[in-house]
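Heads up, there are several structures right after this.
Same chain, two partners: subunit A is paired with subunit B first, then with subunit C.
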Partner chain A sequence: MYSPAIVAEAMVNGLMTGAAYALVALGLTLVYGVLHIVNFAHGALLTCAMFAVLGMEQGLGIGPYAAILPLGVLFFLLGYALQRYVIGPSSHGEDRNTLLVTLGISIVLENALLAAFRSDTRTLGGDMGFDVVELGPMLLSRPRLVGCAVALVVAALLWLLLARSDTGRAIRAVAKERFGAQVVGIDPRHIFAVTFGIGCACLAVAACLLLPTFYVNPRVGNAFVLVAFTIVVLGGMGSVVGALVGGLVIGVVESLGGLLLGESLGQLGIFLIFILVLLLRPTGLFGARA
Partner chain B sequence: MLEVKGLHAGYGVVEVLRGIDMAVSRGEIVAVLGANGVGKTTLNKVFSGVIPAWAGEILFEGQRIDRATPDAIVAAGLIHVPEGRKIFPNMTVRENLELGSYRRGKPRRARNLEHVFSVFPRLRERSAQAAGTLSGGEQQMLAIGRGMMAEPNLLILDEPSLGLSPLLVEEMFTLIRRLNADGLPILLVEQNVVQSLEIASRAYILENGLFALSGSAAEVSGNPELRRAYLGM
Partner chain C sequence: MKPRDLLPLLLLLGALALTPLFASNLLLNFLVSALIIALGAQGWNLLGGYGGQLSFGHAALFGTGAYATAILQVKFGLNAWLAFACGIALAALAGWIIGYLSFRARLRGSYFALVTLAFAEVLRILANAADFTGGAAGLLIKLQPGLANFQFASRAGYLWAVLACILVVGLMTLWIDRGRFGAQLVAVRENEDAARALGVDVLATKLRAITLSGAITGAAGCLYAQNFLYLDASIAYGTWISVELLIAAIVGGLGTVLGPVIGALALHGLGEVTKGLLGWLTGIDLVLFGIILIAAVAFVPSGLVGALRRLRMRGAAR
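Showing the complex of A and B:
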């Protein structure tokens, strides 16, 4: 069988990938938990963010880590505007409209990217993707290690924001009781847009962390969002802690699955979990029971 | 301080309020009374900007607010404690109260929190508890406390006695009188005609989207029509 060192390395690698997955899932679960919509544009927005990281590097010479802050802010503003001025007004308060609108946005974005960049697969220049750190007997990828650390910090900051700030309280308030929020002077349209903006900022950060070890093409976001959906279901729809834990678990499952079954079957475990959770515990690990 | 002229409003094509004229002055408790479904809550929602006025004017402290957004109306100090409490069930009692000063009164949040806790000692005991797990009476206290956190110039209470036991209803009306005695004008919207008329200075009776009767609480409670329709006498 496999030596413990190899299994341990696979697990740590999985944790690191899982942290990036968690960021993608955080945005999805937050938007679902507060706006009660499944954002079908999430994958396309992630793809946009990944192209933006590429553009920052190739156009402006700004590396992916230096791009975290500016792209995070840019995507927050983008997400804010998208929800406030496009998705919100066009939904007329009906969730199924929102569904179609986000689906429409994803189609527009994907095709715009296809028109601009063809379906070629691109990567960042340089060889930072191959940097490794020695940790005891394990060889760990440096960009993934950095990615994991940053993802955990971002998740912690998000948790603090939600738990401690007035904006975070307003987000939680609007999620459960919109009219009650209005009578204390919270503007739900603003809070929805802020939430959507935070979701997009998470994507931008995830894109910065992914690109050193991953490629980008106009469809790449969808693969992540499929995994992110599994994480959201596993962790519990709307749960921030659930998204983080779920992301880490899924990362490890995928990595161990890859080790045992080979790369191409590695994701099998993820979808097995998806089905098992739906069968046994549809509210997820941290979801509120109805 | 609140003046309403020729107010019309409704939902879709259904007109619920068909020409409301009323006023609340400084220091008063004014009651708006009426049976279930006559439009009392609709009136409150129009006041707080949650649904639009179709026609007419609402002036609050001399300013037109009938086109203002709900948050601007809160900022002006017109605070609505809604029917059914509408507290945030997933948050603690303390967080609910803190959010009361989201738009207004934030600089004095700590002091006002102390004040609310002194008015409602029960809320202090439960400050770390999720608001959704409070009893009905406690939830009503929390909703009023949350409103007080915004330093209201006028407090609208929509059916504060709804769903409370008779003993708690008595307590609630005593409390409303006490808040008013401390200088807070109150617009009390109720189905509980008898007890509301006991503490109100003036009252309006809403029927079919219009005020069928208005005047001082004494006049209104002496009206033979009202005694027959609402008090069964």
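Showing the complex of A and C:
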């Protein structure tokens, strides 16, 4: 058996990875909650954000934490434009089409990155990723700890935005009753685009937090997006709390699974959870309806 | 089914069957790959086009067909034709199992797309890790040209084999299109609740569609294995297969008999041309495929077949 210290360390590491997963999943679940479609471009957009972080560092000398704000704004605008001018108009209001259009966007983005950067794996470089903090018997990675804290703050801010602000109220109104929202003067197309923009901004923040300890290549988003789907399904599509809890759970499962079963079978565990949850409880642990 | 309905299908396939008389080996190779995708897309079209159930993981069926044929020949020494038949049957079974699990759980729309994607990924990881699939090194089928081994010395043999399958599936699709089962499928696609209210057994209809779809796409996988004599998990169960089948069917025209064939040929042709022009940019052909998918959904929802039909009607009106 493994000593308790190793298992505890794996669990805490899993929790910290889970926080980054949760952030990726938050964007996904928000878009699902309002538009009622799964955004298949989410992974490719995350890859874009990670390349953007790399570009900021290597081109402009702006570190990943300093890049959170400018990239967050940039990706909000990008997401807004994408939904308003590409996804919205080309899907003619049919969910089926939206699904296909986001799939198309993901193919375009992923392969454009492949054409531009080849399939090489890159990292930020420097020794930032190896910084550790001692906590009792455990050695914890500092960038992951920072990432975890920022992810929780962002999740709290997002919750505040949804619960307290006028924009948040409009978003919730459109999510509940599209037509009714229109009647009281909310433009659903604008709200859809804002929601999509917020989802993309979450990705930009997640990318800034991930990159110090993670690598990037044109396909890296795929690994995350299936995990994010699992989290969203587990937490219940459209639920913010669900995404947060789901993210932490999946992070721990992956970390423990990797420790006990080896890396590739740990990943298998995630897919199996995903399929089981979909088949047995498609509303998730926190979701209200199918 | 009137004889006139058969005409476009027979003309197209007949013309393709004559290509070995003048075409180079390069062109034949291209046609065989494109038509294998066309056959797989015919399977996708039955479920996605007629039935409206968008699968993002048809690689699960393609790969099962391909692996079944290869493993039965390599590990058990089974005759290639028998292995082909078993491959189709196993892929149909895989389709039925995936369908039974997900349709029973009432998954549709985004959820169905997601769960099919996950099934394909699980199979890919398993095939990559297991021993009897050859693991990451893949499987090689021994080269033994001869009709008994379902291997041909010339590409023309493979071309005719794929065309024969496409013809059978095309006729079946036409028959479904004009028949009761097709009407039930379309009813389920357009409005599940209304279909149920009219007495359509929704679950049975969807299950029948995904099982047939599995058999057809599995056959494409078997032919892939026979043609290239090599398989690994990222080819057979790769995401790219799922995506290419789907794009071919959509670009050609959802819920039409000829759509998947025309779509696959057009898509593959465009891909080759782009690769020829901009080959140094890895992945540029796939960027184009993505743009085509978005453009098709946005501007030509009825696909190439629909666009052709409209052109002809305009011509007739003049």
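Keep in mind that, in the parts below, the second predicted complex is superposed on the first by the 286 of 290 C-alpha atoms of A that agree within 3 Å, B and C clash if a C-alpha of one lies under 4 Å from a C-alpha of the other, contacts with A are read in each partner's own complex, and residues count from 1 in each chain.
The definition used in the following text is that a residue touches a chain if its C-beta (ideal position, glycine included) is under 8 Å from a C-beta of that chain, and two chains touch if they have at least 3 such contacts.
These numbers were taken from a predicted model, which means no experiment stands behind them.
When both complexes are overlaid on chain A, the residue A:Leu114 reaches subunit C alone and has no touch with subunit B. Touch criterion met: A:Leu280 reaches subunit C, while subunit B stays clear of it. In the superposition on chain A, no contact is made by A:Ala49 with either subunit B or subunit C.
Look at A:Cys208: by the touch rule set out above, it reaches neither subunit B nor subunit C.
Once the two structures are superposed, subunit B and subunit C can be ranked by residues of subunit A touched, with C on top. Using the contact criterion defined above for the overlaid structures, shared-chain residue A:Val86 touches subunit C, although it does not reach subunit B. Of the two partner chains, subunit C is the only one touched by A:Ile105; subunit B is not.
In the overlay built on the shared chain, the residue A:Leu23 is in contact with neither subunit B nor subunit C. Only residues 32, 36-38, 40, 86, 89-92, 95-97, 99-101, 103-112, 114-115, 118-119, 218, 222, 226, 229, 233, 264-265, 267-268, 271-272, 274-275, 278-280, 282, 290 of subunit A touch subunit C when the two sit together in their complex. Here subunit A touches subunit B in the complex through residues 166, 169-170, 172-173, 175-177, 179-187, 288, going by the rule given at the top. Residues of subunit B touching subunit A in their complex: 48, 50, 69-71, 74-75, 79-82, 85-91, 95, 98-100, 102-104, 106, 146-147, 150. Within the complex formed with subunit A, the subunit C residues making contact are 52, 54, 56, 101-102, 104-107, 109-111, 113-115, 117-119, 121-122, 125-126, 128-129, 239, 243, 246, 250, 281-284, 286-287, 289-291, 293-294, 297-299, 301.
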